[in-house]
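The data blocks that follow each hold one structure.
After this come two complexes, each holding chain A, first together with chain B and then together with chain C.
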Partner chain A sequence: MEFFNELTQTILNGVAIGCIYGMVALGFVLIYKSTEVINFAQGELLMLGAFISYSLITQLHLSYWTALVVTILAMGIVGAILERVVLRSLVGEPTYAIVIVTIGISYFIRSIVSMIPGWGTDTYGFRTPFTDKFLRWGDVVISYEYLSIVVLALVLIAAVFVFFGYSRMGTAMRATSQNQLAAVYMGISVTRVFSLTWTIAAALGGIGGILLAPITFVHMNMGFIGLKAVPAAVLGGFTSPPGAIVGGLIIGITESLAGVYLEEGWKDIAAWIILIAVLIIRPQGLFGIQEKKKV
Partner chain B sequence: MRFLMKTDYYQDIRLFKYRSTFFWYLALVLGCVLLPKIIDEYMLSQLTFICIYAVAGVGLMLLTGFTGQISMGHAAFLAIGSYTSAVLTAKGVPFLLALPASGVTAALVGIVIGRPILHLTGLYLAIATMGAAFIIEEILVRWESVTNGNMGMMVDTPTIFGFGFDTEIRFFYLSLVVLILVLLLAKNILRSPTGRAFIAIRDSEIAAEAMGINLASFKTQSFAISAFFTGIAGSLYAHKIFFINPESYTIMQSIELLAIVIIGGLGSLHGAVYGSIFFIFLPQLIIISKDYLPSFVQDQTGLQPALFGLLIILVMLFEPMGIYGRWLKTKFYFEWFPLYKKDSFKREKKYQKAERH
Partner chain C sequence: MSVMLKVRNIETYYGPIMAIKGVSFDILEGAVVTILGANGAGKTTILKTLSSIMDPEKGTIEFMGQRIEGLPPEKIVAMGISQVPEGREVFHDLTVKENLLMGAYLRNDRAGIKRDIDMVYDYFPILKDRTAQLAGDMSGGQQQMVVIGRALMARPKLLMLDEPSLGLSPLLVKEIYQIIERINQEHNTTILLVEQNAPMALSIASHGFVLELGRIVMDDTCQALMANEDVQEFYLGIKEDSVRGAKRWKRKKKWR
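Our next item is the complex of A and B:
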């Protein structure tokens, strides 16, 4: 019974972390689908979102929910600005150039955050409506913070799914990701699609940040969690939004289990072992579609 | 403008295109040899780092610039080279053997890693190499009996036949000689059928395969050669900084190596050298320029990485072909003086078409 409780507890913690991975991976997937670029600054966008919400809550004394909405809007604007100023002029350049630019952006954001007064290189935390509240279920304890992550992640995924499947803009985005030229011929504004993609991806990063903040605290290097989302996205197929979440969950649960039941060190590389195994056995991931290159 | 009448196919793959090129390179080497006379120890130490990074850059350039395979895990090979050399010299193996041994170990690991993942293309390969690098880093941390884990290990001064490379000048000459040898080796590999096969794979995998090039074999060879050079650089790096621990070889270093070759200019060995000069001198420039900035900006520790990130973005925005690309354009401008047009090097804007639905 003890073993069973511990197992449930571990898996539940893994699910919460997995949802964060999934959300960051969702940002990767959105950008990859529309521009074929992996945005290595996604983790830094998450970090920026966490810092913004921290400032809103502790310095401006806004309520958690207002802060959430403001953070999402602010991050959306950041994403749009990034796209307009930096990435739009790189459309049509080789992928590696754009990837290096996103790495440059991640350096830049990280060091700018460290220079802003009141943010800097220290570690911060803030109170949320979920702090210190627990749901008990037998011997298994789930904190509301973890629960909030899972619930919000599910809501977001549903929203993204509906947006892509049923809205006009979502359809335009899917069309653009398949064939840009044909999309232009059909009257879709590809620049607007790109701009919106970056906006949504940055906003998702911001939400990830505000949700993760109570668990890992707000600090300059929390963006490195974004790297762990890469295996999640690959596992899910890199082009499938539901795949990103499933991938995130698998990585999160595996990591959590490895942390409890395996020796020290396995936890850090579990995600990467899965990644390499997936790439060797099934490179298209769980939900991806095998791409065939035509001559 | 110079017109070269070709009478022989071998003229296309000569080591030096024109006879004058050879003399210019000779002058450059002589200049480098005389350089320690006029600069101070600190700058000399930076020049040594340029040589070391250039060796690693040449390795990555062969893979990324000439075979078209992106690796985001080359710091792992740097680490393997460093540790091999450190462990071997600590056991009493002469440096002259430890140096190639570190390259060979890195190449062997490269084959083991490369073989299963090299069927991947583009960013997927980059991600796979990144994952492999994380795993290797963790192995170095946990294999404490050999690597001493996170405590790190001290590295001896390299000695060849009793001659110790214990001063800045001596180590600079050692790195310079290794760099020149590596450049010559790389240039000769690229002239050989193997190297031409690499370039064919970069330009079109399908066309290369149709010409009878065994993709898996040549990609693995490219990966192994690349790892070999990077391992050599790792050995020099370890002996230069005296103390190594796994934290010196993180994903950041892999990314920096990749940035070196991309900023230097993919597809040229010059690019690897330019890129490493850019990378080593950029922090120096930032430190110098700090004196001219307002004091509240000066004191920021984040200033250097911020400018660094910003410069990477700017270089890519304005010169996606890198420093070597800019050099080519400048040269072209003067060679064809009145004929250079703004669009001479403009690339066709490509719309993306993914084969997925």
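Our next item is the complex of A and C:
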């Protein structure tokens, strides 16, 4: 039973972390699909979201739920501003130039965070309504902390999928990513679609930040989670939003299992081993579609 | 019939290359008008300029009394100009119905949208059977139906079609043209048709322009165009005498 208990917890932890990887990966995928740019600042957006929620909870004494909503909104605004100020002026430039700019944005966010009084380079934590609470189910003990991450992440991800699948704007965003020219002929404003894409991607990063904070604490290097989310996105095929979530879960669970059952060090390379193995067998990723063009 | 679209001296460039060299024409409300021309004559560029995908360097475009050149493309669509671009530009990963709904992107009247979807299904019954199919998995002819239907969903006052017959079987071309005619008659939609398939275009249009190297060289009723020797020879492929090779060297277009 001891083993079973440990296994359940390990998997749950993996699923929780995996959901966050998936969320960051979803941010990558959304921006890539509509603008063909890989946003290397996605991890830093998560870090910024974590700091914002930290300040809201410990300094402004807002409740966790209010802080969650405010963080999502604030990060959405950050995304919209980034798009308006930086990326819109780069439309038409070569993709690699824009990708480099996103790396610049990531360093910019890191510097800003390190300069803000009360943030800086220290590590912080905050309490959530789930801290130190456990669900007992026979011998299995499950922490509410992890459970809450899974539930919240899945709810928010579901909201994103409903938006893209059923709303008019969401459909228009999918349409634009498939055929930009035709979208223009429909009267869809491509600049608005890009702006909204960045808003949603940044908001996803912010949610990732507030969810991840109780596990890893809030610090400047949280953004390196992006290094795990990239393989998650590639694993899923890089153009598939559900693939990003599945990829995130696979990497989260593998990593968690490797951390418990394998020698020290395997945890950090587990994600990459999986990635290489999958790409050898299925170069287009799990959910990727090989480019086919009908003429 | 009043003038719906008034184009005056537009010049459009691709970088340093002048593709449209001062084109002027009028389109009357409710008419079917065609622009004929060889590859590279600038037909598509004119449509792109009208849709504001490209901005003219000079000249004015007036639609229903309002200047529209240089407006953002979505404003043009909102004013009632829709274009069916060349090459069946469907949204390949959206279903047929979603494609049609995207055509109504700027509209807010749910009931009207629903009615118009039924109208499109009435024009193209096959689309009704395929409503949940991804547009990318359909045949070329069906995709052409999707893009025409999609453009209709915007309730255009002026519908511009760029090479709707390209790559379709003669039978399908005929079918599509009959529907274009029906759209014109049933909804009084003005139609601007750009075609390589001159016989087909001239058969349904009332007025035509011949475009050569960025200039309009003829502007006449389709009857007059069909009777014109040059149009007959260079666009309809009718030869007067069969002396081999003779005409190729001797005949010159009179408009040059």
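Here is the rule we use: the second predicted complex is superposed on the first by the 291 of 295 C-alpha atoms of A that agree within 3 Å, B and C clash if a C-alpha of one lies under 4 Å from a C-alpha of the other, contacts with A are read in each partner's own complex, and residues count from 1 in each chain.
Please note the rule applied: contacts are C-beta pairs under 8 Å (C-beta built on N, C-alpha and C of every residue); 3 or more make two chains touch, one makes a residue touch a chain.
The structure presented is a predicted model; accordingly, all values stated were derived computationally and were not measured.
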Touching A:Val184, do we find chain B (first), chain C (second), both, or neither?
both
Scan A:Val162 for contacts with chain B and chain C and give back first, second, both or neither.
neither
Figure out whether A:Ser89 sits in contact with chain B (first) or chain C (second), or with both, or with neither.
first
Scan A:Val69 for contacts with chain B and chain C and give back first, second, both or neither.
neither
Name the contact category of A:Val151: first (chain B only), second (chain C only), both, or neither.
neither
On chain A, what residues does chain B touch that chain C touches as well?
178-179, 181-182, 184, 294
State the interface residues of chain A toward chain C in the complex, per the touch definition above.
168, 171-172, 174-175, 178-179, 181-189, 294
In the complex of these two chains, what residues of chain A are touching chain B?
35-36, 38, 86, 89-101, 103-115, 121, 177-182, 184, 227, 230-231, 234, 239, 265, 268-269, 272-273, 275-276, 279-280, 283, 289, 291-295
Enumerate the contact residues on chain C facing chain A in the complex.
51, 53, 72-74, 76-78, 82-83, 85, 89-94, 98-99, 101-103, 105-106, 136, 147, 150-151, 154
In their shared complex, at which residues does chain B touch chain A?
64, 70, 116-117, 119-120, 122-124, 126-128, 130-132, 134-135, 138, 141-142, 206, 251, 255, 258-259, 262-263, 266, 300-306, 308-313, 316-317, 320, 347, 349-357
